[in-house]
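Just below sit the structures, each encoded as structure tokens.
Across the two complexes that follow, chain A remains constant while its partner is chain B and subsequently chain C.
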Partner chain A sequence: MSLKNAISRLGRVPAVQKQFNVFTSLNHNAEEELKKNDLNGQEAARPLNNLLCAIKDNIATKELPTTCASKILEDYMSPYDATLVKLLKAAGAVNVGKTNLDEFGMGSGGTKSHFGPTKNPLFPGKDMIVGGSSSGSAAAVAADVVDFALGTDTGGSVRLPASYTSILGFKPSYGRISRHGVIAYAQSFDTVGIMSKEISTIQKVFKVLDKSDPKDPTCLDESSRAKLQTILPQEQRSKLRIGIPREFTPSGIPASSVKKFLSIVEQLAAQGHQFFPISLSDIKHSLPIYYTLAPAEAASNLARYDGVRYGVRDSKYDSHNDVLFAPTRENFGEEVKTRIVLGNYNLSSEFYNNHYIKAQKLRVELIDEFDSIFALPNILTGSKGNENGVDVLLSLSAISEPTSISEYETGDSRNPINSYVNDIFTTPMSLAGLPTISVPTGHSGEPVGVQIVGQYGDDDTVLNAVKDIW
Partner chain B sequence: MLRFTRKYGFKAVQEEFSLLSEYKLKCGLEIHTQLNTKNKLFSHSTNDPFASANVPNHHTSFFDVSIPGTQPKLNLEAILFATRLAVALDSEVNLSSQFDRKHYFYGDQPLGFQITQHYSPFAKGGSMELTNIIDSIDQDRLQIDILQLQIEQDTGKSVYRDAEQMSLIDLNRSNVPLIEMVTLPNFYDLKQIRSFIKKYQNLVRHLGISTGDLETGAMRVDVNMSVNDNCRVELKNLPNTSSIMSAVKFEYERQVDIIRHGLTSSLLAEPETRGWNGAATVKLRSKETTIDYRYMPDAELPLVHLSKEAVAGVRASLPKLPDKTIKNLMAEPYNLPLKDAKILTINASGHEQQYTQKELLDFYLESFKLYVKQAGQKSSKLLTNWTIHELLGNLNRLNLPLHQAIKVLPPHKFAELIALIQQEKISNASGKLLLFHILEQTKDSQITQPVDLEAIIEEFGLSAVKSVDHEELMRMCSEILSSVTDPKMLSGITSGKKKNSLKFLVGQGMRLSQGRVKPKLFEDTFKKLLNANW
Partner chain C sequence: MRTRVFTLISKRGYRRSTVGPQFRDLAEIKKYVATPQWSIGDFMEQDTNVQELPSVETVERLLKLSGLLPKDVESLRRKLGHQLVFLDKLVTLDVNEKTDPKNARLLPRNPKPLEYDDLIHAAQNQVKDASLGEISGSWDSVELAKNSKDGFYVLRKAFMKRK
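Moving on to the complex of A and B:
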């Protein structure tokens, strides 16, 4: 990518921002930083030089506010950069700005932001949803103002908006990219994801970010990474064994989506890949498990926002009816409050051995089931791998195509249960921490994405498979 | 109808307290101890909870302040310290324990939860024995069983400024490692509680894992108690031993009163938490206001995996435990009385001492070995007395740390000094002068090398007069007697009515001879001169 090209992209940012509400704050030094990187000859060799990126606003940056699109962190400045922000900077990428999201990552539409909904650049003037929660990051890529964007994927937050905007959205294996500086929503799921239109860009960025980090206890350490190398295939297989889970073909999916999915299957089969029907019966528990665990973790993680040390604080009172910090915490948005209440309910001691613990056990069972169908071992669980297993799984990314913002906000999806159902294709991989990428099925105005899913740690196979579709 | 109400909870503790046999007290303790690791439990900030007075919020990392996006990083030193304690208490170390979050809101609780160990604590079981001989309890022995040990974070500190309607928050203490130890309700009198606390304090000091001080809050004791197996009451906010004792006494009498008036079904039906306000226990929480902590396994912190070998390694590295040391010191060849054995073994307080217990004990044992070689075992009491009374007394008076004194007066020199006294090569009085002189010079850094005792004795002419010239002695004594202006005193000595006055004369003689003549010689000579035949 050339400097000239990058600068001309930057020039389009204000208009794109006005039209689609992509960013929560903009880096006004971006052009200067690009030129400085270009002047420094030695640094021109850096892997991401002249590349523009956007960073989801739940990732800590020192130079721009980090708000999580929440009133409670309005104007909050982080005293440090997230590890991934440092790595990107060192690799030469220039950050255009922080991107809009569903508050704290909670939402599937990209509509539940303190700064207003993000609009889908594929449908100018139509006010269609982008999908969430990494709505601004997807929109920035779709609108061509950046080469790539960083998002976070907790239950599908990178893959769903990627599907709705016809771009690539990659959620690596849990633990490959440091979460230090990523503001936790549900950290046993939260995974930094990379969005772009180019698979080569995603691969380059992943290479930069795929590092151990002693500051993040959940980031794979060097010894686990070394162990991983010993089990991964030495050479990329040209012919893959691809599984299609029965449970991912429910009724009620739009015929157009099914058609596109089947055309991808045909395309892959024509290239010599083999298909296998498989069954993962525990997948039906995914949503209940996810919506038991994720809100519980959220309720816990968001307990720190009391206004005492940072963030917005109620100007008059620290408590209401003897409930400490209630006036300040009133500033959370409705969806966040709903999930905090749900999470606390799930954790309450009224339920013997609370729901959280039960859901954790079911999560382990689901992971075991995934292990049973993959050919590759799993270094985390110690599964040896199934000799006759598959290399990757293929499924749709979403059960629906994007709707208008007004319909999303007033229709059935306003009901939490309905909007949560939207996550049915994405949460199982989040529960198992599997590398997954959403790939567009075409360039048309009906965005539909398919997911390629690999065994834990087998991110490269997933990324390499993309070239056969996109 | 007439009614009368009693205000339970506002009755002062009676002067004379005694447990009544028909009202059985049952207590368990919950003790929180700050571990004195270098760093905090989950961050790299310095663990110095007492810096607060000068620099509030100084020792705080981003994690301690719960800055968004930061993560905990387990300090392995805390795991090592906890393992030491668990092994010393014979607890079974959990080879795969986990951390959980305990949720509640408070101004000095930055995360909105405390990281603790709820579902799978660090160690379970174990015990500590109290005995009549060592711990002065009334029973021969009593075993206190331990329920569990868990590692957790301390909170920050709130300073209440009521006048300004404000509280100040200091997070220096936030994320300091704590170990919570819970006993079974094995205590049934106050002495047992007091002895246990003392012994536990000494144990953590001995293991080098905590200062163990109640005064600073490095150790905090909660008491669970019930009377006649009624509902359990938990006593909190007990800043020192005397408030622990007073609170238990008060609460015992309060509950006995309730039982006597047949009010258990209304007043002792549900567990409650009470605090101590200095004069009375006051209700803090009951069942209706209990907080649901919504425990959740921490999703970021990995399980704490320990190998059996690691635990065995810690066990092997533990210093000898105090009870064992005391028993050894009380037996051959030392034969110390309990009191002296305790001084050499048990740390009275965690700080403001001129020595660590280990330093002192090692010094004593080494000196003992060398002394016995020179002077024989029979007179070993002299060495003990000089160690405990003269040496420690001087160190305290001079504010001189033992490790510094040892540089000038290592065990072999100290043993030599005491042997010189024992062999009457210098007098007791000269020995005292000499010891003080050496330590004073050490303090002033005038001597930094092991001292040459013979040279100093020579220099000050302190060596005992070996053969006292009889004439000379008679002359000195006559001189002293002629200066006495009170003839009644002399006649009192002669008659034996004022035996103590003889000591006055001996003192004069010691002064005149600069302590180089043994007092016994003066005593005999004076008696001879005064015809005192008693």
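Moving on to the complex of A and C:
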């Protein structure tokens, strides 16, 4: 990417913002920063020089507000940069702005933002959903104003919008990228993801961000990373053993999506890759497991927003009817409030064992099921790997193509499960922390993606496999 | 008792994952994909199945626990009712009672036990990290607060009555 090209892209940002509502705030010094990087003459030494990026607005930045697209943080300025923001700056990338999202990452349409819905650049003038929650990050890439964008993926929030905008959306293994400075929604799932149109860009950015961080105790430490190196294949496998999970081919998927999925299978088979039927019976229970655990973690994480120490505070009262901080917490959006209430239901003493603990146990069994079908060992669980197992799994990323914003909102208001179902193909990998990438099924802007999934830690195999499709 | 749906997804036993024999050709894969085991629609057709909503008292108690105003209770009852029918699927599933729920964390399951000497070593080798704001005399706890007085946070008319 040349400096001239980067500056030209910056010039398109205002029009794109007006049309698709991509950003929550813009870096007005971006051009200056690009030129300064160029003058420093460090192009060769810095792997991301002249690359423009966008950062999801739930990742802390010192120089731009960090709002989580919530009224409750609408004027919040973080006193520090997230670890990954520092790493990107050091590598030469220039941030164009913070991107819109479903408030605190809670949503799959990109419609639940205090700043209004993001619109899908694939359908100009049609008000179609981008998918969420990393809606602005996906739209920024799709509209070609950045080279890559960072999102966060809790239950599919990078992969779903990637599928709906026909771009690549990579969720690495949980713990490979530091979460220090990433505002928690559900900390046992939250994973920083990378979106781009170029797999080589995703690989470069991942190399920069894939570092241990003592500031994040869930980030893989050096000894685990060393252990990982001992089990990973030393050379890229030219012929992969690919599993197709039976549970990922339910009825109700549009025939056009199934056709595109099969065309990718055909493409891969023609290159000599081998296909195997897989059964992972627990996969279809992933949604209720996920929607038991994630809101419980969210209820705990969002308890901190009381307005006393930072953020928006009610101008008159700190309590209402003996409910402390209720006037300030009224500034949460409806979806966030609903998930907090559900989370507290799951954590309350009457339901804790039947819901929360049961979901935790089912999550463990799902992880073990994944272990039993992969050839590679799992350094976290101690699984030795299945010698007859597969290298990667292949499935669709989403159950359908994007709908209009009004249709999405109508379905959601009738029954929240209608929108939760969008995550059905993405939550199993989030529960197990597996590396996954959504890849478009064609180069003509088809909003249908397929998902490549690898064993925990085998991110490189997942990324390398993209080259056989895209 | 709320009505439970999901008749399609029968009770499960644990460890049922399998890797089958390699597909012989594309035709076999097409046939496999065209033979679904369940339907997306089964998750989405619950509108009429919520026969009993959580009580007003339950919803009001949850709102209070959540630090939220007791408003729109009826709307929340309906939403929560749908969500709970959906989540109650878990109650019908078998689970191995010996499964340790702590392993749900995506961390090494068998880490090296922390010993006394490790703690002493860590304490003796602590260093200030300026990037975490660990700079002597620099901490201003009320710096980001909207309302503070003499270095203290201010709470307005919020004396809780313990009931």
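Here, the second predicted complex is superposed on the first by the 458 of 470 C-alpha atoms of A that agree within 3 Å, B and C clash if a C-alpha of one lies under 4 Å from a C-alpha of the other, contacts with A are read in each partner's own complex, and residues count from 1 in each chain.
Note that in this section a residue touches a chain if its C-beta (ideal position, glycine included) is under 8 Å from a C-beta of that chain, and two chains touch if they have at least 3 such contacts.
Here the structure is a predicted model, which is why all the values come from computation and not from measurement.
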| item | value |
| --- | --- |
| A:L324 touches, of chain B and chain C: first, second, both or neither? | both |
| Contacts of A:A82 with chain B and chain C, given as first, second, both or neither | first |
| Touched partner set for A:R179, first chain B, second chain C, both or neither | first |
| Which of chain B and chain C A:I289 touches, first, second, both or neither | second |
| First (chain B), second (chain C), both or neither touched by A:S300 | first |
| Contacts of A:V392 with chain B and chain C, given as first, second, both or neither | neither |
| Partner chain(s) touched by A:T381 [first = chain B, second = chain C, both, neither] | second |
| Touching partner for A:A142 - first (chain B), second (chain C), both, neither | neither |
| Partner chain(s) touched by A:K215 [first = chain B, second = chain C, both, neither] | both |
| Comparing the two partners chain B and chain C, which touches a greater set of residues in chain A | C |
| Common ground on chain A, meaning residues reached by chain C in one complex and by chain B in the other | 76, 79-80, 188, 215, 218, 299, 303, 306, 308-310, 318, 324-325, 344, 348, 354, 357, 360 |
| Residues of chain A touching chain C in the complex | 76, 79-80, 174-175, 188, 215, 218, 224, 243-244, 246-247, 249-253, 258, 261-262, 265-266, 269, 274-282, 284-285, 287-289, 291-293, 299, 303, 306-310, 313, 316-327, 329-330, 332, 337-338, 340-342, 344-346, 348, 354-355, 357-365, 367-370, 372-373, 379-382, 386, 388-390, 399, 414-418, 420-421, 424, 432-433, 456 |
| Sites on chain A touched by chain B in the complex | 59-60, 66, 68, 73, 76, 78-80, 82, 179-184, 186-188, 214-218, 296-297, 299-300, 302-306, 308-310, 318, 324-325, 344, 347-350, 354, 356-357, 360 |
| Complex contacts: residues of chain B adjacent to chain A | 62, 65-74, 101, 103, 105-107, 110-113, 119, 169, 292-297, 299-302 |
| Of chain C, residues touching chain A in the complex | 9, 12, 14-23, 26, 29-30, 32-41, 43-44, 46-47, 54, 58-59, 62-70, 76, 79-80, 82-84, 86-87, 89-91, 93, 95-96, 99-101, 103-110, 129, 131-133, 141-147, 153, 155-158, 160-161 |
